[in-house]
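Following this message is one structure expressed as C-alpha cells.
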Amino acid sequence: MSEHIVSPKVYVGIFLSLMVLTAATVVAAYVNLGPFNIVIALAIASVKATLVVLYFMHARYSPNRTHMVIIAAVFWLAIMLALTLSDYVTRDRDLALNTRITALLGA
Amino acid sequence: MDTPTSTRSATASVHKIPKEHYLNSSYGIRSWLLTTDHKRIALLYLFSVTFFFFVGGIFATIIRIHLMTPQGFLVTPETYNKLFTMHGVAMIFFFLIPSIPAVLGNFLVPLMIGAKDLAFPKINLLSWYIYLIGGCFVLYSFSTGGLDTGWTFYTPLSSVYSNSAVTPAVLGIFINGFSSILTGLNFVVTVHTMRAPGMTWFRLPLFVWAQYATSIIFILGTPVIAITLLLVGLERMFHLGFFNPALGGDPILFQHLFWFYSHPAVYIMILPAMGVISEIIPTFARKPIFGYSFIAGSSIAIAVIGFFVWAHHMFLTGESVYAALAFSFLSYLVAIPSAVKVFNWTSTLYKGSISWDTPMLYALGFIGLFLIGGLTGLFLACLGLDIHIHDTYFVVAHFHYIMVGGAVMGYLGGIHFWWPKISGRLYPESLARVAAIVLFIGFNLTFFPQFILGYLGMPRRYHSYPPEFQVLNVMSTAGASILALGYLLPMIYLVWSLKYGAVAGPNPWPATGLEWKTDSPPPTENFLVTPEVTWEPYDFETRPDLELDHIVAGKLPAPAHGDD
Amino acid sequence: MQGQFPLLPEQASKLAPTVDLLMLFIVTICLFFAVAITAAVIYFFFKYERKHQTEIGVPIHGDMRLETAWIVVPLVLAMAMFAWGAVVYVDFRHSPGDTLDIYVVGKQWMWKVQQPNGLKEINEVHLPVNRDVRLVTASEDVIHDFSVPAFRVKMDVVPGHYNTMWFRPTKVGHYRLYCSQYCGTNHAVMTGWITVMEQADYAAWLSGVAGAEANPLVAGEKLFAEKACITCHLSDGQGRGPSLNGLYGRKVLLADGRTLTADDAYIRESILQPNAKIVAGYQPLMPSFQGQLTEEQIIALTAYIKSLPNEPPPPTGAGTAPASGKK
Amino acid sequence: MHRTGELYGQFETLEQQKESAALGMWVFLSTEVLFFGGLFMTYTLNRHYYPVAFGVGSNTLDLKLGGLNTVILILSSLTMAMSVWASSVGKRKQTTGFLLATLLLGTAFLGVKVIEYKQKFDHHLVPGYHFQIDYRVQHPAPYDDPKEIEAEKEELDKAFAKDPDLNAHAQLYFSLYFGMTGLHALHMIVGAGMLVWLIRQSMLGRFTPTYNTPVEMIGLYWHFVDIVWIYLFPLLYLIDRHR
C-alpha cells in the first residue's frame, strides 16, 4: 500500500461539505416533495457517505482490492434489498378477498 | 478391490516422524488452549465439530428408530419435534458449516499457499472460542427445555408460539455466526497477502479457491442471519413485533432474511467439499486437473449466483408470481457451475493413472451422491413440480444427498487424504476402503427411499404418518443403521493409526501441493525455508522431486495441449 | 395404479397428470446425465487403472470446445425445465373466473373449512368433481400449509396474508389432506380428508344437511356453548371443571384414586351422570344433563369433545388474529 | 509465532502486515454493512407498509438533539482523521490530542442519546406491554406547552383515522428506532473502548510514521460508524417533517 498522507486542509474541507449537506437534508425534509423526499434524503446521505469513504477513510488512495471490498458490500446490500422488495412490490393484493376472509375470521 | 497400486508400501518403511513438529513443539493443556498455530486450532475444531456431529447423530438415530412404525413408537410428538430441530441445528450450524473450512481449511490454507500461518492467528483462536461459547448456548437450550421450532426458526412459531428454549438457541447461533465471519475474514486476507513467492492466483490449489469462495459467503451472508435471529430473540424477550403478524410485522420477511443467508449456507457446506474433491482427483489420477480455470471460476460463480436464488424456498408462501419466476430462473443458472465441475472431474479421469486409494473412493462416492443431490435440485427449482414436492420427504432426501452425501463424503475424503499430513501416519488402507463402501451403501439405502416417500406426498417433520408409507420408512431406518456403522469405523481406525499407523513421510501419495513439500506432521512454522513456487498446479510431469519415473511403457506422456 | 408398492400418488385432479408428465420429463433428462456420468467415471476407473507404481497420467489441461459444450447444453435443458415449470406454476397461481370458493382457516392443529353456503367442516372438505375449486386461506396463529398430494397441490397458509389456490378434482374418492408446513407440536396430526363427490351428490349433501346441524362437530361445538359447558371447562384448565383438551384417549386420575382411559363411554357417562366419576382436584359441581339432551346431541357433543386439540391455545397477549384483521 | 518489534511472526515485512490489517478491517466493515443491512431491510418493508405510523413516530423525535448529534459525530470523524494524519507525520502530542477529542465527542454523542432515550421512556414510547403512542397527549406533564399537546393530539387523531392499528405499527417504528440506534450506540461504545486503548498507546509513544496501523484501523471503524449514522439520521428523524 503506497503511503499517502492527506493534508489536514482536505479533511477540513470535507468536514465543511458534510456540514452543508447535513443542513441541506434537514431543509429538504421540510419541503413537501411527495415521494421524492426519501429519494433526496437518501441521495444526500449517499453523497456524504461517499465523501467519508473516499477521503476520511482514504479509499481514494487505497489499492484496488479495497475498492473491490467496498463495491462487494454495497452490491450485496443491494441484492438483499432489491430482490426482497421485488417480491413485495409485485404482489397483487385482492382487497375484496381480504375483507371477506377477515369477516370469516372475526365470526 | 485390493489392487497393489499404492506406492506407499514400498517407501513407508524408510520414513521417520520428524524430531520436532507442531504436535510436540510444546506440551500441556495451556499450549493447546492458548495456541495461535493454525494447525493446532484446526485440531481443536476437529474435536469440537466431531462432538457436535455425534450429538446430531444421536438425535438422527432416535428419529429414524421412531419412524419405523406409522404411529411412531418411541417418543412423544413434543420430543420428536425437538429431536429433528436439534438434529438440524447441531448438524448445520455446529458441524457442517465449520467442518471443512474450520478443520481442513484452517490446517491447509496457510500450508497450501506457503505461509507460516493465517494473517491473524489470534483472531483465529478467538473464532474457536466464539464457536465454543455459541455451542454452549445451544447445548444449554438443548438441555433446558430443548428446541422445537425446526432449524428454520420460522416466525411466528419461533417468536411467539413455541414454549421451548428458543432464546438461548438463537443467541448461540448469533454468537457462532461471528466465528464463521472471522474465519472467512482470515482466509480472504491470508489468500490475498500471504502467498509465497511464485504462488500466483492461477497456481493456487483449487481447495484454496473453494475456501476463498466460501469465505465470501461467510463474510457477506452470515451477518444477515445473525441480525435476523437476534431480532427473533428480541421479539421473544421484549414482545416486539418485527415478524409477528399480530403486531403488524411480516413473517414472510423473516423467511427472506433467513434464506438470504441460509441458501448460500448450503454452498458453504458443499463448496469446500468440491474443493477437496478437486484435490483428490488429480492426485490419484496423476495428471493435471481438466479445466483448472473453469473449476476455480465455477467456485466463485456458485458463491455469487448462490446469493440470487434464496426465494426458491418460498414459492408457496404466496410470494409474488413474478418474483417466483425470477428466482426459479436464477436457481437454474446456479446449477450450471456445479455441472461444469462434475464434467471437468470426469474428464480429468480420462487417460489418467488411477489408483483406488481410499480418498479416491470417497471422491467417487461424492460424485455419485452429489450427482443425485444436485440433479434433484433441478426438480425443486422447477416451479410446477415444487407445488407438489415442496416440504415433503423429497426435499429431505435432496438436501441430505447434498449435505451428507456431498459435504460429509468430501469431509471424510479430505480427512483421509490429509490424515498423513495431520498425524504423520497412515491409516489401515483396506479397512478404510471398506468403511467408504459401507458409507456409500448405507447412505443410499437411507435416503433414496425418501425421494419416493416425498413424491408420494409424505410431508416432512411428521412424527407419525399414514400406514401406506411404512415399507419405505423401514428401509430408510435399516439403511441408517448401516450408515451409522460407516461413521463409527473411521473414528476407530483413525484413532488407532495415531499410535500404530505406518509412518507416512512427507508425501506418501505423492501429491503436488505445497503442503506436501514439508514434513508430516509439519513444523510449527510450516516451512523451515519460505518455499518458492515454480511449477503449475497438479503438474506431475516436470516434478522430479516427486520421485516418479514418468517414462513408463505404454504411457508416454503426450504433448500437453492447451496452454498453461 | 395403487399397487402394493406405488411410485405415484393417485391422480385426482386436472393438474396431477401435468405435474407427473413434467416430473417424467425432468427424470428422463437427469437420469440420462446421471447414468452417462456414472458410467464414464466407472469406465475410466477400470480402463485407466494404474498399472505401475510410477506411472503418471497423460497431461491434458482442458478443452475450450468441451467446456463451452457442457455449459451451453445443460443451460438449454435447464431453461426448458424452467419454462415448462413456469407455465404450470403460473396456471396454478391464477385461478379461473368461475370457481367454487371455499374458505379454509388453519389453526394449531386443525383445519376449519367453510362451504359457500356457510356450512362448516373440520379436518374434512367435501368437493364436487369436475368443478374448479378455489380455496381462500387464512391462519389464526402460525404458518400452516394445505397440501393434497393426490391433487399435486399445496399452498402455505400464512397469518396476516390471504393465500389462494385452485384445482379441479377429476376423480370421485377420498384423498388425504396434510399440513405440510411445520406448525408445532401436533403438526403431524393436522391432517384430514378430502371427499370428492359427484356434482349431484355434492349438491344433495350441501342442501341435505341444511346448514351446520348435520355436521356433528359443528353441532357439538354449538351445543358446548349453548349448554354452558364452556363456562366451566375452560381450555386453559383454569375453570371450575377440568379442561377437555386432548381428553380423548388420555389417562384420567379420579378423585377416588382410580385411573381410567377417557373413551366414548366415559365421556357419555360424564355428561349424563357427572358425579359418578370426579376428576382428581375438582369439586362435584356439574349438573346432570340426563333428559336434557337428545341422543343425537350427545353424539355431537362427544364428537366435539373428542376433536378438541391436545395443547391449550397460545397464551393471551400473543395475538390470535392477523394484524389487518383487527378492528 | 514470535514477534520482532512491531512485526508479527507470520508476516515477512511490515508492509505486508499493514496491507493485511487494512484488508482485514475493510472486510470486517463489509460484514458490518450486511449486519446493519438486515435492520435496514426490516425498516424499509415496514415503512412501506405503515407510512402513517412511521411518520407519527418520526415526528415525536427531537430533531434538535438528532441534528446536534449528527454534527458531533461528523466532527468526531474529522478529529479522528486528523489524528491519523498527525500519527503519520509523527506529531505525537497532536495524535494524542485529536484522539482525546474524538473520545470526548463520542462520549458527548452517547450522552445526548441517553437524554433522547430517557424522553422516550417517559412518554411510554419504549416497545413492550406499556407502549402507548398517545401517552403524552393523554398524560401531559405540567411543564408541557398546551398548544403543542393540542397540535400533537390533532395529528394523532388524524393518524388514527387513517390507520386504526396505529399503536401497533408505531411500536414497530420504535422497535426499529431502538434497534438501529441501539446497535449503533453499541458500536460507539466499542469504538470508545478502543480509543481509550489507543490514547494510552499513543501517550506511550508507540506510534511512528512507519507504524501507525492501529490508529488507521480504528479510524476506519470510527468512520464507518459515522456513515451508519449519516443514514440513520434522515431515515429516523426526517420521515414526515414537511406536513
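Chains here go by letter, A, B, C and D, matching the order in which they are written, and residues are numbered from 1 within each.
In this section, a contact is a pair of C-beta atoms (placed from the backbone, for glycine too) under 8 Å apart; a residue touches a chain by one contact, two chains touch by 3 or more.
Only a predicted model underlies this, so the values are computations on that prediction, with no experimental measurement involved.
S.K.: Taking each chain's centre as the mean of its Cα atoms, which chain lies farthest from chain C?
M.R.: D
S.K.: Per-chain C-alpha centres versus the global one: which chain is nearest?
M.R.: B
S.K.: Please report how many Å separate the Cα centroid of chain A from that of chain B, as a whole number.
M.R.: The mean C-alpha positions of chain A and chain B differ by 36 Å.
S.K.: In whole angstrom, what separates the CA-based centres of chain A and chain D?
M.R.: 15
S.K.: Using mean CA coordinates as chain centres, what's the chain C-chain D distance in Å?
M.R.: Computed value for the inter-centroid distance: 47 Å.
S.K.: Can you list every residue of chain D that touches 2 or more other chains, as numbers and ranges?
M.R.: In chain D, the residues touching two or more other chains are 19, 23, 27, 30, 34, 37-38, 41, 45, 129, 165, 168.
S.K.: Considering chain C alone, which of its residues make contact with at least two other chains?
M.R.: In chain C, 162, 317, 321-324, 326-327 touch at least two other chains.
S.K.: Two or more other chains touching the same residue: where does that happen in chain A?
M.R.: Residues 65, 72-73, 76, 80, 84, 88 of chain A touch two or more partner chains.
S.K.: Which residues of chain A touch chain D in the complex?
M.R.: 1, 3, 5-8, 11-12, 14-15, 18-19, 22, 25-26, 29-33, 37, 41-42, 44-45, 48-49, 52-53, 55-58, 62-63, 65-66, 69-70, 72-74, 76-77, 80-81, 84-85, 88
S.K.: For the complex, which residues does chain B have touching chain A?
M.R.: 192, 216, 220, 224, 252-253, 256-257, 260, 307-308, 310-311, 314, 318-323, 326-327
S.K.: Which positions of chain C touch chain B when the two form their complex?
M.R.: Answer in residue numbers: 5-9, 15, 18-19, 22-23, 26, 30, 33-34, 37-38, 40-41, 44-45, 48-64, 66-67, 70-71, 74-75, 78-79, 81-82, 84-90, 92-94, 108, 141-143, 145, 147, 149-150, 152-156, 158-163, 176, 178-189, 314, 317-323, 326.
S.K.: Under the stated contact criterion, what part of chain A meets chain B in this complex?
M.R.: The touching residues are 65, 72-73, 76, 79-80, 83-84, 86-92.
S.K.: Over in the complex, which chain D residues touch chain B? Could you list them?
M.R.: Interface residues on the chain D side: 1, 8-12, 16, 19-20, 23-24, 27-28, 30-32, 34-39, 41-42, 45-46, 49-50, 127-129, 165, 168-169, 171-172, 175-176, 179.
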